[in-house]
Amino acid sequence: MTTTSTTDPIILAEGLTKAFGSSPGRFRRRRTTDGGFTAVDGIDLRIAPGELVGYIGPNGAGKSTTIKMLTGILTPTSGLLRVAGFEPQRDRVRLARRIGVVFGQRTTLWWDLPLKDSFTLLQRLYRIPPDRFGENLAYYTAALDLGEFLDRPVRQLSLGQRMRGDITAALLHDPAVVYLDEPTIGLDVVSKHAVREFLSDLNQRTGTTILLTTHDIADIERLCSRVVAIDHGRVTYDGSIDDLRADRDLETVVRELYLGRSLVDTTE
Amino acid sequence: MRVYLTAVRLSLRRYLAYRSSAAAGAFTNTVFGCIRAFVLMALWKQKPEIGGWDLADAVTYAFLTQGLLAPMGVFMTSTELGPRIRTGDVAVDLYRPVDFQTWWLSLDLGRALGGGLLRTVPPVLFGALLFPVRLPSSPLRWTEFAVCCALGYLISFGLRYLASLAAFWTMDERGMSSILVALGMFCSGLIIPLSVVPGALGTVLLHTPWAGIMQMPINVLLGTQSGGVGYALAFGTFWAVLLLAAGRMLTDVARHKVVVQGG
Amino acid sequence: MADTTTEPDDRPLWGPTAYLLLVRIWMRAASQYRVSLLLTTVAQLFTTCLDLIAILVIYSHVRTIGGFTLPETLYLYGTTRLAFAVSDALASGVENLATMIRLGNFDLVLIRPVSSLAQVLADQFTPKRFGKLAAPVLTLGWAIDALPLHWTAAKAAVAIGTVVCGLVLYCALWVLTGCISFIAVDAQEVANSFTYGSENATEYPLSIFGRPLGLALTFVLPVAFVTWQPSLYVLGHPDPFGLPEFLRFASPAAAAVLSGLAALAWRACIRHYRSTGS
């Protein structure tokens, strides 16, 4: 295990690659319908503790595949990957205690049970000390305004309420890194605003590293000091949002990104 | 009429799209056909004739029931209607300008035809290759069998449709349906041929609607139906008409209930 | 609260503890639908009786099947059914694996700091599964009472060991067949051949399947060790296949080997898991 000092990146990827269908895995010998394609093709990434990074790119660019490797869900085909000093897939269980994940389109909460029950279960699963759990729950209940629906079954919550519940669920164990996959998708304007303010505050207050994928330009504009863009599994832009903006307005840039055009020429 | 045929076709096509799933099902049907065949063979080796069947009849029965299982929906908890009632989506269906019962029959028929195409032949063929399966060669016999199967299918649909409708009152049809499946597994002769069951229980079992789903069509095919083909046809028609009529009546009651509550 | 510098306690929650925690929460979720739960429990109870009725029907025609009397067969039925019912209660969460993978919910399993297997086994746990216990317990009681057996300490130990090893063997089978879902997500029904199929086959004396298949069920898919081999010893019955005596006591070894294989297979599947969708 590599020792982490403050100067080391908390997320480090070198030549990170994930190929589907053509990997030498025993199960993948047969030709699959989506036959051999490289979802992530040699990504280099260094993210320092406390950064808030927007990870953007068109659909199918490899965003989700990257996040799934960073969380240990998928095994990389090749390349080096360290998150908080761990090799995600191998140290999946230990890494899980140090990361939080929010999937905008999926809930990690127990559908038929009151929201609070999910939190108490997570306390046990993540072995959160009781006093720390109490403090955190009180804090997030106030910050995300959960009070009125803590005792309501999750299936009865609105999308915005559920998202706030999911964000809390991902943070109760004080993760050092948080991945948010489309956290504002489908939310109304008020909820979107609340989620953004909360994330910005979280990042500044606790120094939690945040990696955010989104299709919402306003999310990036409001939150991210740095943007990493990916297309066809390759990093096409990595820099500050100000540099991006210096050249042209952000909206055009992002729109181009989602159409899948490379940014490299336009920023040089 | 055309809308129903389209419903059948679309539903069939959807079933055929999941070919590997059907292949997995056919494999499992074949394995269970073998297990049942071995059990029945052990019985018939000790007693060469039971209820007018010899060993070949019994083995044929084991594989045919496994082949008919999928199209007849013996393991199916209900129709796809049940979950739609639970979630409330049914309101949309009730206002569609089609006959509600026929609509669901069409959708289920497409599934049954798909099951018949992909899952009936493999277990029977496997049995015919490796076991003493005996199938008749007379085309008339097969036609009679097909007609009896059609009636058996209508009975099966009738029962499952009624179970789904129960969701209008209990709001959750799963409990009802699971009891119906358990009953159906036994009363249709899947576990043990009904003609082998002795005494009063055997007599009762031969008169429930489930007897018309698999046991009677197979009896007709093997030429061992007591009372002949005519009896099997009359029996099947009686239960199919009765169950479909009951379903029709209950649909009206349910519709009334939804309209009243929905207002 | 900005205490991200404190390293969390690195010991993950012990698998069985996590399993019990999850079982409790799923049970609480299931009890939200009381009427359905009650009816499905009754259905389960009834379903397990069906095979029993079939056995009784068969023995209404003949005195022995494959050389075994009714109480002997009921002893086989009782032990295998009991082991299966408990394994079903404990481990049949695996049956939801295909759906979990298809809907992408297996990703969520992998981001939690507890054993993925514990989470999958506990998935959708419902108390209705206990409905399957009644029939085998009662049958076993009756069979033991009706058997003209001279019980010794050794026989009693083997009888108890039969159920325990059978239970472990079935759990290993659940996990192994669960792995099918990783390879071909829509081939889940094949798994039923091995789980429910094994259970069905072992309710009867293995001798009815003939020598080649009987040997395959001993050495390839080792379900003969669920009840058949140890029960031959308990019932004092010679082996119709003439296999060596020590196999009567080989169930623990078979259970250990199959569990080891299941653990290896599971690990390989997690490593090669390809998450679906976006």
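Note that the chains are named A, B and C in the order they appear, and that numbering of residues resets to 1 at the start of each chain.
We adopt the following convention: a residue touches a chain if its C-beta (ideal position, glycine included) is under 8 Å from a C-beta of that chain, and two chains touch if they have at least 3 such contacts.
According to UniProt, the chain labels map to these proteins: A = ATP-binding cassette domain-containing protein; B, C = ABC-2 family transporter protein.
None of the values given here were measured: they were computed from a predicted structure.
Separation of chain B from chain C in touch steps, taking the shortest path, is 1.
In this assembly, the chain whose C-alpha centre lies farthest from chain C is A. A separation of 29 Å divides the Cα centre of chain B from that of chain C.
With centres taken as mean Cα positions, chain B sits 49 Å from chain A.
Centre-to-centre separation of chain A and chain C, using mean CA positions: 39 Å.
For chain C in complex with chain B, the touching residues are 33, 35-40, 42-44, 46-47, 50-51, 53-54, 57-58, 60-62, 64-66, 184, 186-190, 192-193, 197, 200-201, 204, 208-210, 213.
The part of chain A that touches chain C in the complex is made up of residues 20, 25-28, 59-60, 64, 68, 71-75, 89, 92-94, 96-99, 101, 103, 106, 108, 110-113, 117, 121, 124-127, 135-136, 139, 153, 173-176, 205-208. On the chain B side of its complex with chain C, the touching residues are 18, 20-21, 23-25, 27-28, 31-32, 35, 38-39, 41-43, 46-47, 50, 170, 172, 174-176, 178-179, 181-183, 185-186, 191-192, 196-198. Residues 1-4, 8-13, 18, 21-22, 25, 28-29, 32, 104-105, 107-108, 110-115, 182-183, 268-269, 271-275, 277-278 of chain C are the ones touching chain A in the complex.
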